[in-house]
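One chain, subunit A, links the two complexes that follow: it is found with subunit B in the first and with subunit C in the second.
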Partner chain A sequence: MDQLSGIHPAYGLYLVLIISGGAVAVLARSLVRALSGLIITLFGVAGMYLLMAAPFIAFMQILIYVGAVTVLIFFAIMLTRTSEGESGSESGSVGRSFLGIWAAAFSTLVLAAVVVRHMPKAIPLKPEASMGRLGEFLTGPFALSFELISVVLFVAMAGAVLLGFERRKAK
Partner chain B sequence: MTQILQFLMLPLVHLIVALIAILTFIALNGLILVYVERKVAGFIQRRPGPFEVGPHGLLQPLADALKLVGKQLVMPRGADRILFWVAPLLSFAPVAICLLPIPFGPYLLGLNVNLGLLLVLAFSGLNVLALCLAGWGSNNKYALLGAARAVAQSVAYEIPLLLSVLCVAFTCGSLSFVDITASQTRGLLSWNVFSQPLAFLIFFVSALAETNRAPFDLPEAESELTAGFHTEYSGMGFGLFFLAEYSYMIVVSAVASVLFLGGWSGPFFSGHWWMLGKIYALILIMMWFRWTYPRVRFDQLLNICWKWLIPLSLINLLGTALIINLVR
Partner chain C sequence: MNYLVLYHLAALILFGLGLYGITCRKSLVGMLISVELMLNGAGLALVASSRLTPALDELGQLGTLLVMGLAAAEATLVLAIILIVSRRFGTTEIADIATLKG
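Presenting the complex of A and B:
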């Protein structure tokens, strides 16, 4: 219990943000509301990065994910909106909600069991890495993974363009 | 006395005092800019502008503000009850954070962070999101069109903006506003605008687009979309959007003066008056633009960005990197 009482208030706040944002994203009927839930979660995760002494990653998270990615998702929602309103808002039957609760409870139990069995020890916080060192790492020892990620992104983009063209030809 | 000073030096107290000061500045600035904009518009169009309320119409913005506060808040039927009211708040709230890391004077600084530039860029991006939510939540076609325009515009213009900012970060070797200002205190010629003139131009044009100022005010183009994303807002809902727009003008001009015009340093008597002078000079130029150029068409807007600003800023960035490598 000693560890629990030592939770940083900011950590608790970010935890609440992440979980409540996720709940909104899953439970909301309207797509845009689900998207705002996602935004709340992303903010919480950015806060977690701040607590881990990685402000650069935290601000990048806000700049890229909140500022650009969610805006693009919003754009996609607006473009694909059908005339009968929101898509994918069919009401779930009792059986489906039962299955949903079962799945949530099962995964929670498994995760809780693992955490209780192998409680990770708190690692002392490392000092904040300077931007220069981050850059050296990305272009030095981690250059390959850095390049691979950009290749993956490029492939995804090219694939999206290709799919778009094929769809247009079919019409 | 020393106890009071010590109390003021506590980080949290310092932050709260800075936030209060910034909010006061934002409110005062809103009143001033409303008056100045109407006067500038008047003079450019050869008419006196507001003249009736108070001497030379000085009390006009106060009357406007009272009118806005007193108006009824109306929500259209079928609007999204939560998102409709969250949007103006989300538009206004990040402004205070954006102004925190900006050094207005040698000691006039809310929060000294190493990544100040990144902080401002990250939080100023939230404005687009607010416009989207406002446009979508209003259940209005004009508002939705305005939101769609805002998205396309800001996503496009964010790229040259970031690239031009990166040039300055390269030359100064830092993302901290304090360091960037410190590197420009060696006289007038050490200002970045002289070493990075192209970056300054690109930054200023992109910033005009990001703040939805004319000639790039397509999201709220009144002749085509009534009022764009804020068509359905009345009273302080509209007031907050308005205040946010004027405050983003301050943020953008302040960032531009720190990055390119030496911040609070001047050729003589360096201090916060230089910073304020530069900020308001840039804002006057923005107003001058608004009443000089007609609004661009949407395809023109995107062409300017994708065909001119992005290639130019990429070339500028590569050139800067090359020169820095050669010099080292």
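Presenting the complex of A and C:
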């Protein structure tokens, strides 16, 4: 139990943020509310990154996810809003949601059992990795993946633009 | 139980919520939101594993950064696909997106 004393009380707050936000994101009937839940969860995860003394990743999380990805999802909601009101209502059959709960709970519990039983000993928090060191790593051993991710991003953006233009030609 | 386990359990909660969302959501946008939840869980697990074990620190942090880049690319592409689907079928409910009956 003495190992648990190393945990910061803010961990509980972030865990509550993650669970409540995630529940809203998955269960809310309105997609805009689900997106708000997702944003709360993203902030909770960013807080956990800060707790682990990884501020660079925490701010990247807020910049990329909260700044870019949620805006994209919001555009998706806005541009596909159908005339019959809120889309994404959860009036499905009970059996379907039961199967969903079963699948999620089973895989999560199996993984949790593995995690609890076989987790290696944690070491005290290491000193924070400096930005310069991260940059050296990104241009050294990670150079290929860094270039590849830029190519993937470019191809995805170009493909999205291409898909968007196709309709006008067909019209 | 140590705090490494606690962070991994938080990541697992995100994974479970995302999996439930993917199976039960009725619209494509809802499924996209669930996928983002699962990707966040993966990033949290990566950073926790690299920060709290003797493993190399930069490995996990930069891996998470790459996951974020992939998530951004994936969200862009899925947005385009959702737009095409909603134009062609007039809806993004997955039950209605079918050209074959059966």
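Assorted remarks:
Basically, the second predicted complex is superposed on the first by the 162 of 171 C-alpha atoms of A that agree within 3 Å, B and C clash if a C-alpha of one lies under 4 Å from a C-alpha of the other, contacts with A are read in each partner's own complex, and residues count from 1 in each chain.
FYI, a residue touches a chain if its C-beta (ideal position, glycine included) is under 8 Å from a C-beta of that chain, and two chains touch if they have at least 3 such contacts.
What you are looking at is a predicted structure, and each value in this text was computed from that prediction instead of being measured.
Clash-free side-by-side placement of subunit B and subunit C is the outcome of superposition onto subunit A. Of the two partner chains, neither subunit B nor subunit C is touched by A:Ala143. Applying the stated contact rule after C-alpha superposition, one finds that A:Leu153 touches subunit C and leaves subunit B untouched. Of the two partner chains, neither subunit B nor subunit C is touched by A:Leu13.
Counting residues of subunit A touched by each partner, subunit B versus subunit C, the larger count belongs to C. Touch criterion met: A:Phe56 reaches subunit B and subunit C at once. Once chain A of one complex is fitted onto chain A of the other, the partner contacts of A:Ala34 are limited to subunit C, with no touch recorded for subunit B. With both structures placed on the common chain, the touch criterion links A:Ala104 to subunit C but leaves subunit B unconnected. In the superposed model, A:Leu72 makes contact with both subunit B and subunit C.
Shared-chain residue A:Met131: touches subunit B; no touch with subunit C. After the two structures are overlaid on chain A, the closest C-alpha atoms of subunit B and subunit C sit 15 Å apart. Judged by the document's definition of touching, subunit A residues 56, 60, 68, 72, 75 lie at the interface with subunit B and also at the interface with subunit C. Those residues of subunit A that touch subunit C in the shared complex are 3-4, 6-7, 11, 14-15, 18-19, 22-23, 25-26, 31, 34-35, 38, 41-42, 45, 48-49, 52-54, 56-57, 60-61, 64-65, 68-69, 72-73, 75-77, 79-80, 82, 87-92, 96-97, 99-101, 103-105, 107-108, 111-112, 115-116, 119-123, 125-126, 129, 133-134, 137-138, 142, 145, 149, 152-153, 155-157, 159-161, 163-164, 166-167. In the complex of the two chains, the subunit C residues touching subunit A come out as 1-10, 12-21, 23-27, 29-30, 32-34, 36-37, 40, 43-44, 47-48, 51-54, 57-58, 61-62, 64-66, 68-84, 86-87, 90-93. Residues of subunit B that touch subunit A in their complex: 80, 82-83, 86, 113-115, 118-119, 121-123, 125-126, 128-129, 132-133, 136-137, 144, 147-148, 151-152, 154-155, 158, 175. Those residues of subunit A that touch subunit B in the shared complex are 30, 32-33, 36, 39, 55-56, 59-60, 62-63, 66-68, 70-72, 74-75, 78, 131.
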